[in-house]
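Structure provided below as structure tokens; questions to follow.
Note that the chains are named A, B, C, D, E and F in the order they appear, and that numbering of residues resets to 1 at the start of each chain.
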């Protein structure tokens, strides 16, 4: 089956920043992403858990964008302003994307 | 610690297709997978958000299968029929799987 | 944008073991992780689904740790005791981590 | 006979409708107000259980007669035939493709149970009663329209993608979808336990009903408002109009059937409402499986963003007024 | 004295039990009806809070006496000793491993609070009252069985995997699990605020109680039905039968204890129900931690798929009839 | 006049407060008791809708006068000015940075709607009534404090990170946040539908209110208890004390305003409560966006872990007693 190489960018970010980040992605021409829930975690700013924790309602989400390698730079620039001073982490990895009839027509 | 190489296939697909996809995986001999929730996203067919959106109830899920490289072809063939005309995206990446006492006995 | 190489460890594990695993990670000096919900899955011990299934309340979660390569060994040792006799799967992959102003000061 | 106007006004300034309006306004203003998905689903389970149970108790109290069978039959026919009218209208007035038009048509043959619930509470408020078996009629009207729509597609020119047919899995999903099972199940429980059963759970399923409906419609308003705000651009003028005209066609057919069968004023109103309303839960899901190339941004926006609010605000009082006039009644 | 038969029939055609049956049937028919996890958990919080509070108010009204202490003691003993009987039976009649048998045994020493709640509503319906402190007894019966089962495993041949002991973290999880804390906490609140407190929240915790129980049991039916449909194959004939016989052994022990202590008819029924019922929330979780090699597909299917429905439909009216006969009462 | 002491005791042993205490104790004991997020959000929607609606009905019944405008104005002023006092106090007694102190100050100018809800039920229990428009006052007091705090930061030395200003997106998020829209919306619905509307949904929004409040405060207790258990270490002694003293300053300012305007005893109590309470939902979210370098472990722990419990248990009866004394009343 045909595939093409792409970058998978996973951004764990504060929920309050979600719509700002998505708007920035949009403006940078990144039209494909998915938002996943995060139940809790730990990092430089300490621990948190969604259910029954003091920070409920101010939790985190994970935004996943699969982009062509040449879009990566634009994505990073767009996201950076919103991530810089906020909690979270951004990872980038290599993936193959399966070409479906629909995808290849894009 | 011992590990073995495998492929991680992540299929973001419409929730209505979930049981069909899982049945197909099963028939293709793919017995290991996990289903993760997706809160929202954007793609060629536009934006959607689970909470309070018009498409609620017709959202997406992410199915993750970790398979041995030799199973990848069978998985793709099985999944393809169900993905082809539907919204979503499929990515494949390389991972190492940790061998536990239980896994190695498999 | 500057990045550094790291390992992304994804541990799918029974929810009842979550706090034990997180405590072990903590003791091993792994201070960064995120916990994601899992809706259902299938493995050597059969199928399960969170909503409306017999095993509800005894479901699984996914713990994701992004660690520097040199921490991987410690993480695996810490996690192993809690994973060994339990359901689940552990995968390890290579990622690049974006350096933010906050991260680099770490 | 009360005037249509006063009925409409009474309906429009009820807490239930105003809650819906609040939701629409909040969505249009892009407030972040949301009802969690689990809570919305919990409320819909409550409403379905309550309405099914009360219908069953009514049947237990009044007994069953030939009307029940006739009305079920009428419901099935309306559901199966209305898609043909809808399809013909859409293909004439709009430039929708055959597949998109068929998908929309399926929605209008099928029903919206929330519109039905809202109508029962308007009927109650007007001091009328309806046949208890109407909830069973509602349950049978979900599926036939889907078959009609798929048939409409299958007689068209050959398409490459998709399936446009009902495999056994889809058939089960349609016939045994959660809402139908809950509605029919609680209807049976109500019919079996009767007045005694009702007495036991009355303070759960009767007293708070209107209040729960308010919060549920608040959520529906949010969802409909967001859909409309975002996807209005996908609807051409004629398609938009179709969303308000098709209910009138459906309601007329429902009224005719109701007259023939000799339903009470309340029952006729409900049959009109069922025929006039369009699905936005069961049918969209079935369309995603069977007609994946039909666009949800059209059928969902139309059904939920246009027809649902239309029926809720203007349709229901209008249908009630017509039913009163036709049955010369109450 | 009412006949067992009429008690059973009255129970079986109540909305509460029929809702459970609806859930089982929907699951067996593979309908996609589900109650969201959050809603199910919300309802269980409501039920625990209500039953604990009402128990506390009853104690506030009637005062405390030696019976309270005796019954608590009896509960702890029943919970600790029944696993030994269950274990012996299972090892004799089935081919379950020592570990699997011990894990199952732990479930039957412990209790199902939902069965308890359903029993209180049957007792209410029969016009009886039970000692308010029975909810406190229920809370103390969750844990001892787990210790007994782990001891049964530890005296067996040495195993390589797992732990089979209660570390401090597990001890806290068992003793302070959410259900116990909520039940005892609301019991105390009820005891402190008494009739005044009840008056304030009566229309929340008393009136809608039966209705919420219906929806909660609908969900339990779905869950139990799915478990049974999928995992019945894992239960051999003898193990399956054990699921219906062990409750009778437990109930007999409970009846004996109740007679000795001199509990009221209602109280004796509840003690029988507690002894007869088996856990499917707290104990499975503890077993996953302490006995990971025991198979959930056995203990969970048996407890939730066989014993829970058995007690709910046939067991409770049977125990009530026996309690009536023994206490020469009502 | 009832003594402060007896008011405090009556408040402390009510089911509502004891439920909160149960939550705190369960959290401190590290029980795994939790209320699902969706259920907690569902209950808060219920409480906001109910309180808004009832306020609207009260206004419909009593009409509007100049007092409404004056009290709204007073609320806005209190919200805008209290942050300056809070900031000055914090910078004097503690070593908090300018940014941290401003963020905390924003919380204390703003309000806690749950504290407000709890206060209305205490006022009810005391047989008093408050002006219905107080819910509208509550809604207007959320935002001004945020502006004041950001201004306090912007006049400080230049900072590199963050924004410390209100862009249009943040302005919309603050002014149209879900709680405000729901509160004002249901207030309007209540005002429009009046007593007739209330009659329709009374058994939903009035009767079960106290009970829902119990479960909601159980959850708040769990959340506050966990916050305090984990993050107490982040609060220095002076900051901790500030959490109990600032409410008294706020309440005094509220009392003065209430006297000037001539509010009823109930109304004055509520204005004191609003001024005394601090936000833990809207303001923290706004702070994360506008002042990301301010530490949530300080402002959230202080507001939710110290001030909220203080107001709930001791503050409200104290403010009520003072209002009674000042208005020479009840």
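A few points about this structure:
Simple rule for what comes next: a contact is a pair of C-beta atoms (placed from the backbone, for glycine too) under 8 Å apart; a residue touches a chain by one contact, two chains touch by 3 or more.
This structure is a prediction, so every number in the text was calculated from the model and none was measured.
Looking at chain D and chain F, the chains in contact with each of them are E. When chain centres are set by their Cα atoms, the one at the greatest distance from chain E is A.
Put simply, the C-alpha centre of chain A and that of chain F have 35 angstrom between them. The distance from the centre of chain B to the centre of chain C, with each centre set as the mean of the Cα atoms, comes to 18 Å.
Chain C and chain F have CA centres that are 38 Å apart.
For chain D, the set of residues that touch two or more other chains comprises 33-39, 42, 161, 203, 207-208.
Residues of chain C in contact with two or more other chains: 36-37, 84-85, 93-94, 101. Contact annotation for chain pairs lists A-B, A-C, A-F, B-C, B-D, C-E, D-E, D-F, E-F, with touch applied as defined.
Put simply, chain B touches chain C in their complex at residues 1, 3, 6, 8, 22, 26, 31-37, 61, 66, 93-98, 100-103, 106. Those residues of chain E that touch chain F in the shared complex are 36-39, 41-42, 45-46, 49, 53, 172-173, 176-178, 181-182, 185-186, 188-189, 192-193, 197, 200-201, 203-205, 207-208. In the complex of the two chains, the chain B residues touching chain D come out as 14, 16-17, 19-20, 45-47, 50-58, 84-86.
If you check the complex, the residues on chain C that touch chain B are 10, 12, 36-44, 49, 60, 62, 73, 76-77, 80, 83-85, 89-94.
Chain F meets chain E in the complex at residues 13-15, 18-19, 22, 25-26, 29-39, 42, 125, 203, 207-212, 214-215, 218.
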